[in-house]
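Sending over a structure as structure tokens; questions will come in a sec.
The first chain written gets the first letter, and so on, giving A, B and C; residue counts start at 1 in each chain.
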Amino acid sequence: MIEVESIDKSFAGQRVLRELSFEIPDGRITALLGANGAGKTTCLRIVTGLLRADAGRVLLGGRDVAADPLLARRQLGVVGDREGLYERLTVKEYLTLFARMQGLAGAALRDSLQAVRDELELGELWERRTRGFSQGERMKVSLARALVHRPQHLILDEPTRGLDVLAARLLRRTLLRLRAEGTTILFSSHVMSEVAELSDRVLVMAGGRIVGSGSPTELVEQTGSDNLEDSFVALAYGGGATRDANREEAPA
Amino acid sequence: MLGTGRLWCVLLLVFGGVLTGPAKAQTVPAGERCYLDGWSSALHCYRVPVDAAGRGDASGSVPGGLAVMVAPAVSDSGRDPLYLLAGGPGQAASELAPLLNAFRKVNRERAIVMVDRRGAGRSGAFRCGFERQMPSDLQQFSRRLADCYLQRADFAESLSSRQTVEDLERVRRYLGHDRIALWGGSWGTRTALLYQQWHPQSLSALVLDAVAPIDSKVFLAAGAAEQALQELARDCADDPECARFGDWKGDLNRLLDGWSDAQARAFPDPLTGVPAAEPVPRWMLANAVRAALYEPAAAAQLPYAIHQASRGNYLPLSGLTGLFINTADSMAMGLTFSVACAEALNRISADEVARDSADTFLGTAFYDLFHSGCRAWPVTAKPYSEPEPRDHPVLLISGAADPITPPVYAERQLGYLSNRQHLIVAGGGHINSRRGCIPDLIARFLNRPAEPLDKTCVADIARPPFMVDAFGPALGVKTGTKAGKQEMARD
Amino acid sequence: MMAIGKFSARRMAALLHKEMLETWRDRRALWMAVCFSLLFPVMIAGSTTFFVKKHAEETTRLALLGAERAPLLERRLQSDTLQVDALEQGEPRALLAGDYDLVLQVGDDFASDYRNFRTPQLYLYVDSSATAAGRAERHLQERLGSLQQLVAGQRLVARGVAPQLLAPWKLQVRDVSTPSGRGAMLLAMVPGLLILTLFVASLATSVDTSAGERERLSLETLLLQPLPGWQVIAAKTLSVASMGWLGALLAITAMVALMPAMPLAELGIQQATTTAGVITMGLVLLPLALLVAVVQILLALRSQSFKDAQTQLSILQLAPVTLLMALDMSRVQLADPLWQLVPLVGQQQWLKALLVGDEVSLPLVLAGSAASLSLVVLAVLFGARALRRESLLGAL
């Protein structure tokens, strides 16, 4: 369970998040939908504790992230930007070291590594250094790193960008399995089709706040649109907010 | 993979190294910092306690101990140190410090050790009050000597080559030296040869300059001096400018033969320019000429000086004696006579004196000084035994015109040394270790004593130019028909 | 509490392991460190050898014009270091432009003037703009001087004057330097270069691990791990310092290994560096290596980009050399123990002493190292705060 309670965030005097509040329930896949610059990444960084909110708080499993960030990070798996791999480490080293940083050791470490290796089909990549990996391979390694310590909460920032069909299918399959295990999953995206296909619930962000929420079908119904894309446009740009507001919201 | 565990191991090793590193025992005592005239770098000075060879007799002891001065090797690579033995007998090794300038190359890898023997230099110099000038009257000289002897007869009796050699051996052990090389100059060669006889196992190599072999009778100097003068005359005759002085050697003999008291009193003092306070008798004049032959630069001025003196101008000859004023006070006369009388003069018979002095300019002028001195200095004879064969590498150096230790000494009396090489410097005087390429040859010999030296460069050492007139050497005349290159400056 | 501490240490070990792997697998950085570390000892050894060889072998070439008027002069000037060629004729300027360092002209009336005590002139042509001019002139003056002394001595003797009258006293020089101390001049630059090696050897790594990691976007992932910020900075500092330190150790080892090959003894210099001294040198450099590393990391983290970081650190590496040179030139009395508490200065002083085999005061080394280390701690804590800065995460 992730609870975001009226957080505010400004960069260089420009307000990026305005009293943002939402809840992400366990065992569900929630999509954070918004245009580029809507504040999605800032929002996710506050949830992961990388950034501090100016006001409000974030609770992870009922605990304040800002109060005990280290504890929060142990319950959190994050798939951020996939460029962030260490090219001089092999997949095995990479996953081993990050698992150890998460506190895994001994048999638990071995089992966890084995599990992500099988689940994300990393066998062939296992002993290779990550330099020159494809986008799909990078996503698999990043996801494996995020999952290796079996976090209760999984946060993914635009996970499907640049993925080929097989990798996207593997991602979907994994997320669905995690949902079945009761993991709290939050991912950001601006691609309507994947949001429609994957998410149980959609949060539409615009101008630093949530402008709509519900299941994809509910959203379509609410806005009276034909599809999710139309309803997103209606929610993000129709509700009085102008396109110019987006630029204004972009942090420095 | 570079694990953290291994990193700690590395650190542990490093720290372990530090802890065990400096814990090396220092066996050689640390000397005091000191200096000697003629050498600008600091030396290590030691005082090595000695008593009268353990006989419980304090007569031979030196208050404060034996003065030992060490010029440490610039970069110590464990080579045998070189000990310098001074001449006389009566000269102090510490007076040899200027020699270090020539021995720089040797000193790079070897310590150079100077030990002032008992009764010399800093080891309680036994001077008898002859610091400044010797009296010109031989009888007066003997009287003063006798007084000096009576004051310290036991000490005089205790001084000997044997004692010096044993002291050297003691110093060697004190400094922790395994084996040593010796450089001996003049009488120092005698000490070195005796050390070789008595402590062959402590010795690695010998360098002997102006060799006084164990059997030689160096106080019979008239023949050698005459020989040196003839060498000089021969070289002078080869020089067109010097040849103009004609029979200056004959002039010298005539001058000495006819030397009168009036002349002795009129002889000018080279320092003040007025007639000397003490007259200069014949024996002293002859010895002054002999002394000039020690040094080729001085010898080169003899033909002109004698030529002038034979014509009544004694100034050049007087100026020449001025060259030796500073060297006179380096001898500790008490030590000189203790050793010379006990180990040299007593071996010389009247017949030998007569034979040696016949037909020489010097005659008995040199011998008489010691002969009369030894009568006032009644130490017991301390003969050496016949030298035994030795196979240490030995480098012998002689000056062809040396008036006291001519090359024949080294040629004829060292047959018992199976491993010797001899350098003869043409026109060379007494002590040639500083000249031309000799320092390099010594360094090479010490480093590779087994290899025969290439001696060709010795021929490049030539006499300094003759003084031909009041203006000095003839710069504008082509001279030296046989002399090749002039002596080259080192350093 | 124990469990948390243990876990934390284990996490830190994993982090350190990761940083070390990253650092030591960076071929480019490793090459740079190794090359620079070996470069300067080899250069010092090479230049010393070259200098001595040149110095020993270099002879001055003198053209003597009118030698037939003073043949003895020609022979007496000739020496190991002065090669005299007697020339019938020649134009001094042309000769100097050719092979000759000096041209000495003997005047027409030299011989007769000399004999008549009229002080004949010798004319020395020299090109003072030539590099060898000073040395050449010195060689000639030496030889002329000794000849002059010989002539003057003979003239005095000819007049019955002891030549020593011309020397009213004799100056005895007493050099208080030690043979190892004489090496200090030659080796004076070595401590500065060793410290520079620290900077250069850790430069690439420190940029890579901070600005590089930020630019490659992996820093964010790292910060999301349950590790406190100080551990991240500390792990990076350790790994960067390991590279810098290795470089410095390599340089010391190379330096000391090359010393026997250098003609130090010929310069009258004693090689006095001991094994314990070498190890101590390595140890005193360790706190400085850590300080350099953490300062570099902080600077690189502050900079806008990888390139910017490289530029900034390149400028930073001039700092120690400039500082040490400035201190040297201002003739600050560095013997004051307080100076040894100043990072860089302290290490430089200790290295200088250790290189020539002098003693260093253990309490001062410990105190100075402690001073450096506490700066490291402060910098790490400061860096931990810097990690929380939003700008660190870069453009969104």
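What we mean here is this: contacts are C-beta pairs under 8 Å (C-beta built on N, C-alpha and C of every residue); 3 or more make two chains touch, one makes a residue touch a chain.
For clarity, every value in this text was computed on a predicted model and none was experimentally measured.
Chemist: In terms of CA centres, which chain lies closest to the overall middle?
Modeler: C
Chemist: Given the contact rule stated at the top, which pair of chains has the most C-beta pairs in contact?
Modeler: That would be the chain pair B-C.
Chemist: Compute the distance, rounded to whole Å, between the mean C-alpha positions of chain B and chain C.
Modeler: Chain B and chain C have C-alpha centres separated by 45 Å.
Chemist: In whole angstrom, what separates the CA-based centres of chain A and chain B?
Modeler: Chain centres of chain A and chain B, defined by C-alpha means, are spaced 98 Å apart.
Chemist: So what's the Cα centroid distance for chain A and chain C, whole Å?
Modeler: 56
Chemist: Any chance you could list the residues of chain C touching two or more other chains?
Modeler: Residues 13, 17, 21 of chain C each touch two or more of the other chains.
Chemist: Which chain A residues sit where two or more other chains touch them?
Modeler: Within chain A, no residue touches at least two other chains.
Chemist: Spell out the part of chain C that touches chain A in their complex, as residue ranges.
Modeler: Per the stated touch rule, the residues are 7, 10-11, 13-15, 17-18, 21-22, 25-26, 216-221, 223-228, 388, 390, 393, 396.
Chemist: Which bits of chain A are touching chain C when the two form their complex?
Modeler: 11, 41-42, 45, 48-52, 70-71, 73-74, 76, 78, 80-81, 83-89, 93, 97-98, 100-103, 105, 142, 145, 250-251
Chemist: In the complex of these two chains, what residues of chain C are touching chain B?
Modeler: Residues of chain C touching chain B: 13, 16-17, 20-21, 24, 69-73, 75-76, 78-81, 110-112, 114-117, 142-143, 146, 150-165, 172-176, 178-179, 242, 264-266, 268-271, 274-276, 279-280, 282-283.
Chemist: Please give the residue numbers of chain B that touch chain C in the complex, ascending.
Modeler: So the residues of chain B touching chain C come out as 1-4, 7, 14-15, 17-18, 21-22, 35, 37-38, 40-42, 72, 74-76, 104, 108-109, 268, 270-271, 273, 297, 301, 304-305, 308, 314-316, 318-323, 325-326, 464-465, 467, 469-480, 485-486, 488-490.
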